[in-house]
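Following this line, the structures themselves.
Look for chain A in each of the two complexes below; its partner is chain B in the first and chain C in the second.
For the complex of A and B:
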């Protein structure tokens, strides 16, 4: 069973590198969707025997949102707004990958410094969580499109979600649903804002958003 | 009773999306504001029963911030009636760049305002860290469309920055929640549960959680260097929204930091949080002091002043229990005055049609009442007697001196003085001087709310009502109460 988890963690770390190195927005959406489905499955794999109904419900909703609904929403935005498919990075792909390796090393270091606590998944999930969080940050800062920033936000949320499930945090059901609802509405509102950015500037390049400064 | 404070505005928000008549929308806005303030006032007299198993309760800090939300919302609702009436429909010229733009539908604006009220109320009242997070993120989402009321590319840019920076910031606070859970595995995440078991919490995880809270909620509160969204959002949104963002929303995020400081203190680690708060507080004041100088846009100037005052709040709590009392009192004073200033700025903006401070001259003559309030606001916000902020800023100064933190006190005074000079040059230039146009008749709905707020600020400087003083004292006490 723990080998399942280790395999999933390995896939997550690899998917982070895919996110850093991919040059097409569609690939990014697909990889993020893969991460979402994996995260939805993870608690089920780890706790398959107990069959806790609440756990299954949350995992299914989270997997559905992160793995299906968000990618479909973003994919639609991509088609309807007629966005160019290249990622158009501020920071080049190879440098991004090198920074990704560095971030992974940092993640292992941070995870090794954290004191022991009751863990739900294997301890190996913690570095993967941090590396996913850092990848999300990097995508928000180093990619030019509004759409890739939203994807970065989703990847960041994925990392935080992984962290919270690897702790097996006893979050009340209502709060967990509230968090997922918030993330859903956030993506929805960002989608509307993207629609307006696209109409206003004819493309989704946040480099254009630079009128306000001191 | 507590639930109705959240559910009624939320239900009204849903209803607003379906209402076509703009008159009905404005009445709804004011009616909900009135309902909210009556129920909040009632909560001061009789503390309501906690709801949802103690997750929602009106404790002292929550009630103080809730009252600020309530008062400012009612002021904004009354002001909004006149404001929305004055907004032309259809496409019109953007006075800054000459492009055409139109407004978002009024029903959407009013609906989001009501959702904003519901979510801020939920944030003020929640005593569960998970629920607080959900409510705080919801405040971001419900207020983002408000910033994009005037649909031009500058407000769009401000909305995008606000959404993204605050959502990412708050995501870090969510990570902080997980750290908090790791500090005490199996413990419930509500305030009472954590306080009772504070001695058992793992210190490293707890400190990590505080750091993440400070960065996460600090982003939304506008602490430097995480404040970058704030001047844009405050300057581009309609003035009544700026008033609510600055006076009500920033406090709500501060509450998240205060709540965790309370747990930290109970675990016997108060000093860790306080040192960080002093550093972030002084940094915010310093950044604001630098950017206020020669600030050409008067709404941006007010925004930077908010950054400064958020710094004062953080600094006050960092300076021990006397300072925390001063900080809470200052939160009240700041909210009231800053909301008033933003509302007045809206009046000036709609007559002069420019946000450039250099192009506004003779406001005292053209807008006698708003001009006078603008000047009074300058005195009030910079802490001149007899306004309330004088008292609270003095209490914080005294706390710093009593603690022997001479260097902190010196920087505090220097930054306050710098902001005063920077703001005074701008504000005086706008109020005085010759005006080439004739006096403008001001509607009561746009002058009455700021006038009332100014009067409140003056009254707070003369006398602090006893229940408020007691609540401020309780807050200052519980936030820094050492245990373990």
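For the complex of A and C:
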């Protein structure tokens, strides 16, 4: 069972690289969806023997939201707002990848410095969580479109979710559901906002925000 | 200097050109043609060796030295290479650095000779080769670093033999990532299709072929043979990683031929990448190797 968890964590790290190197917005949405489904599966893999109903419920809800509902919503936003399909990054793909590797190395270093708690998942889950969080931040900062920024926010949330499940069952049910609801509302609102911004200005390029004056 | 490693040297030197035959046969099978005979590369080399050479008056000794130094380097590198259970002819701590260095010297002289010929096309090929190899080489180094970290050894023979000993425990996906990274480096270093098309003779798209444009006769035969041996060396590295733990030399040899079939299939089903995308592919391979290294350390 633990080798399956290792494999899932490794795929998460690989998907981070894919997010940094992909040049199409559609690919980004698909990869983020894959990440969501993997994250939904992880707690199930870790606690398959216990069969805890509460845990399964949270995992299913999280997987459904992150893996199905968000990607569908973002895909719709992409279609309705007529966004160009290229990512158009501020920082190039190759440099992004190199920075991603650097961030991964940093995450492993940070994770090794943390006091050893009773870890639940594999030892690589914690660094993977850090690297996912950093990837999310990086996507928010280094990509031009509002849609990719929403995706970065989602990836960031994926990282935090992985962090929480790798720390164990300490987080109460209500808090986790609350966080998921927050994210749901946020993506919903951002989708609507993007649509409106697009109707008003014909583009979603946040680089132009710096030209604003009052 | 043991008998099995001498046997390995002999097998490599005899069968290396056959790999090209297998690749070309696979490609013609995909294309619905009969294709050249499996031994075509041997015929080509034999024919070229009987011919004379013509040198342009603008060239210097560098141009003549290029193929000879290339072949010499690749032969020494072959002596450092273990294959499956067969140890390398010569093995010492840090020999993988020497191997990468020898391949770099070979490339350096190929590029110098290409520039020496004074043709603008060859200069362009040399500059492309320099750009791409500058990215492929770190990836190769990172692959070796990951393997040596895992095997806790700095010599190639130990790396692959000991690597096979504990391959079963712990992170099973790591060797797969490593194999993918090495495969990309293998394709890039040998000028195979996602990076360079060995069949095209349109100057604007060539990388490796263009650097050999002005050679003929025995020199060209040397270049053909050296590139066959280089393909064998990097291919053997990939096969060593994939088939780690298998004790039979025949299985490893079969793995090499199977790798040739895979290369043929890749070349039949993929197009060459845009030149701008190639660095991204190589950096991706480097990222995979780095990931394996970090996982092996963490």
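In this text, the second predicted complex is superposed on the first by the 209 of 214 C-alpha atoms of A that agree within 3 Å, B and C clash if a C-alpha of one lies under 4 Å from a C-alpha of the other, contacts with A are read in each partner's own complex, and residues count from 1 in each chain.
Note that in this section contacts are C-beta pairs under 8 Å (C-beta built on N, C-alpha and C of every residue); 3 or more make two chains touch, one makes a residue touch a chain.
Note that the structure is predicted; figures quoted are calculated from it, not measured.
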Aligned on chain A, chain B and chain C: do they clash or fit? fit
What is the contact status of A:10 with respect to chain B (first) and chain C (second): first, second, both, or neither? second
Going by the contact rule set out at the top, does A:153 touch chain B (first), chain C (second), both, or neither? first
On chain A, which partner's contacts cover more residues, chain B's or chain C's? B
Between chain B (first) and chain C (second), which, if any, makes contact with A:178: first, second, both or neither? first
Determine how wide the angle is at the CA centre of chain A between the CA centres of chain C and chain B, giving a multiple of 10 degrees. 140
Check the residue A:108 against both partner chains and state whether it touches chain B (first), chain C (second), both, or neither. second
Quick check for you: in the superposed arrangement, does A:52 touch first (chain B), second (chain C), both or neither? neither
Which value, in Å, gives the least CA distance between chain B and chain C in the superposed three-chain arrangement? 20
Across the two complexes, what residues of chain A are contacted by chain B and by chain C? none
In the complex, chain C residues that touch chain A: 171-174, 177, 279-280, 283-284, 286-288, 290-291, 294-295, 297-298
Chain A-touching residues of chain B, taken from the complex the two chains share: 128, 130-131, 133-134, 137-138, 140-141, 144-145, 148, 151, 153-154, 156-161, 163-164, 167-168, 171, 174-175, 177-178, 181-183, 185-186, 188-189, 202, 204-205, 208, 231-232, 235-236, 291, 295, 300
Per the contact definition, I'd like the list of chain A residues that touch chain C in the complex. 3, 6-7, 10, 13-14, 17, 21, 93-94, 97-98, 100-101, 104-105, 108, 111-112, 123-124, 127
Quick check: in the complex, which residue numbers of chain A touch chain B? 114-115, 117-118, 133, 137, 140, 146, 149, 153, 156-157, 160, 163-164, 167, 169-172, 174-176, 178-179, 181-182, 185-186, 189-190, 192-193, 196-197, 200-201, 206, 209-212, 214
